[in-house]
């Protein structure tokens, strides 16, 4: 019996959407107010889901405490109260759009999840804008 | 890398559930209090999702500002502060159930979304009743 | 020990904001799209609060089941799946703004609440617009 | 046209996570504070979804009133204001993890849903922990 | 400049509403299904607010980290994953209604808050039932 | 009949908590990770409330459209997608804590609200941390 278990977490970060290899004008045209060179920020909400068989011993697909700690170690420690562009090496040359942040998070989590299980990341940049990545 | 990007919007509308070709009694039996001939209404919440490849140039699947404006033009302008039965031609002969409204919204949006991308519409009639349509 | 106990309820209704004694043009100027003559609608959320002494026998200020039933009888039965302008006599000559609806609800509930206790009504017309009335 | 219709419900219950055939120490090591022998509890939120063709007669995949009543009869009557371990026979020898509760709910609902339609159960143990089961 | 600062927390607990000095029948008549002798439970949400002058040095009324830790020590450690009737001495002879729990929490927090500042506790038993206590 | 009308809005901004006249070490000791020199950020939610008499002509205390536009002009234009420390002159020498931001917002709104009416600002820095200011 396959079940998907989901854990919600969050982190607060600053970011700027732009490409270093574009002019300010081009960045402004494409990214608008998200291109503010002095940054803006968000409370990011994150839902990490793992789909797999229920362990008949425990009744768990995965211990949610383990998943919670994994998200803390792999995501919150890296991103919370950080400037994504300046403090996080992954975004040195990668635009920190919600899409790209979700992929980076998925890549950090994937090696720590049982390879028989599916992994999904949903990232809310705001309550009205969010993205979903399944690998 | 395929990502699903989602945008939440909303509109407030009146409607009545009934079929013109049924008697009042049959409508009452099937649709209950939703058949009030003087209408009732809802704050509809809408989540529109587009799934596709991340554009390596921008880091976007689709610019959320473009999706926001598209929802405004194609959905909010037609439905917000309207009587769905009386003001919206699509429901002249189609019962405005959440299911049918979601399909109508999907059909309005589909031509404006890159044909390589998938489109999904989730429509909340109330926080407890909602529907999902993928085409 | 005075405690305020609160109960959340909801009803879905159609309405139109306008005055019968004003021209259509004046109503349009003042009430904008809320003046649609064919109505629009909302999912109204309602929070009713009663403040009073804790009964040392029960540990209740007021039995929430009693408050729930009172809201059902006095508010939901009158307003749910109704057209406020057409179906509810209170709004025959009173504009059904959130402010006026909250006052009407407060007046219906007040006689049923212990006169030693305070009564408060919060009415959400949308998640972004709401009003509070204390009598 | 296939649409998924969803209905949200809830129930409040006590439970304890443990296996009768394990020592207290082993249960404590695996289930931590969820192994409190005097129980703890949750407000469980439940989303039941049915996916199928829209009935062209009614515009419904399934009458939400019918789905609401079905959830009340099959789930709320069994679980609400109950001790899952002590009051619900299904959990006499089955650990009431969110995963197992979701499967039990799905099994109770499945016979009452049109066999042509898909059934999905999402169960929130807390706003931050939830599971999804599709059969 | 007086500002009220608020911090949201939560705990999950089992409880039973009843009086030991009443018959089962009387408890059943007054507390209904909340009198289940094998307990039921809730995810309690808690909002603790402190009102006072902004410290011109820090711009804080009170450091939210300090308030967060205080709630953890005084409330979560005592109540989370507990049976309120069986595990918490305060409710040995006091019915754990939302009203009484809020007063108990307020009394635990009050000595730790600057006496010049006001303290308010809001306790949600469910998203639809909540209470407020100001001392 | 006095009613309080409330309008919810939001803005997304970067900030850093620190005092220019303190050493980095002292700022770190007092403000912890909020003192990141490269900033972090939040989705701020704002509830602005105006309390006054219902205008018997319109049934409004204040036209919510006017309040919405006022919040847009006075708050969103100044703060949305900005760095509060770098882009907003008010915080050149004032630490942008939630408390101070709420006071600054209140001061910007007050001259535009009828002097007979009360004004309240609630500012959510995160869903778990918020402040209330009444002047």
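All chains are identified by letter, namely A, B, C, D, E and F, in their written order; residue positions are counted from 1 within each chain.
Convention: a contact is a pair of C-beta atoms (placed from the backbone, for glycine too) under 8 Å apart; a residue touches a chain by one contact, two chains touch by 3 or more.
Just so it is clear, the model here is predicted, and its values are computed rather than measured.
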Could you work out how many touching-chain steps separate chain B from chain F at minimum? 2
On the document's contact criterion, could you list the chains that touch chain B and likewise touch chain E? C, D
Interchain contact steps from chain C to chain D (minimum; 1 if touching): 2
Looking at CA centres, what chain is most distant from chain F? D
Considering only mean CA positions as chain centres, point out the chain farthest from chain A. C
Could you figure out which pair among B-C, A-B or D-E mirrors the B-D interface, over half of its contact pairs being identical by residue number? A-B
Just curious, how far off is chain F from chain D if you go by their C-alpha centres, in Å? 41
Indicate the whole-number Å distance between the mean C-alpha point of chain E and the mean C-alpha point of chain F. 29
What are the residues of chain E that contact at least two other chains? 127
Who touches whom among the chains? A-B, A-D, A-F, B-C, B-D, C-E, C-F, D-E, E-F
Quick one: which bits of chain D touch chain B in the complex? Just the residue numbers, please. 1-9, 49, 51, 54, 57-61, 63-65
Quick one: in the complex, what on chain A touches chain F? 10, 12-15, 33-34, 36, 38-43, 80-83, 86-87, 126-127
Touching residues (chain side chain D, partner chain A) in the complex: 17, 19, 30-32, 94-100, 102-103, 127-134
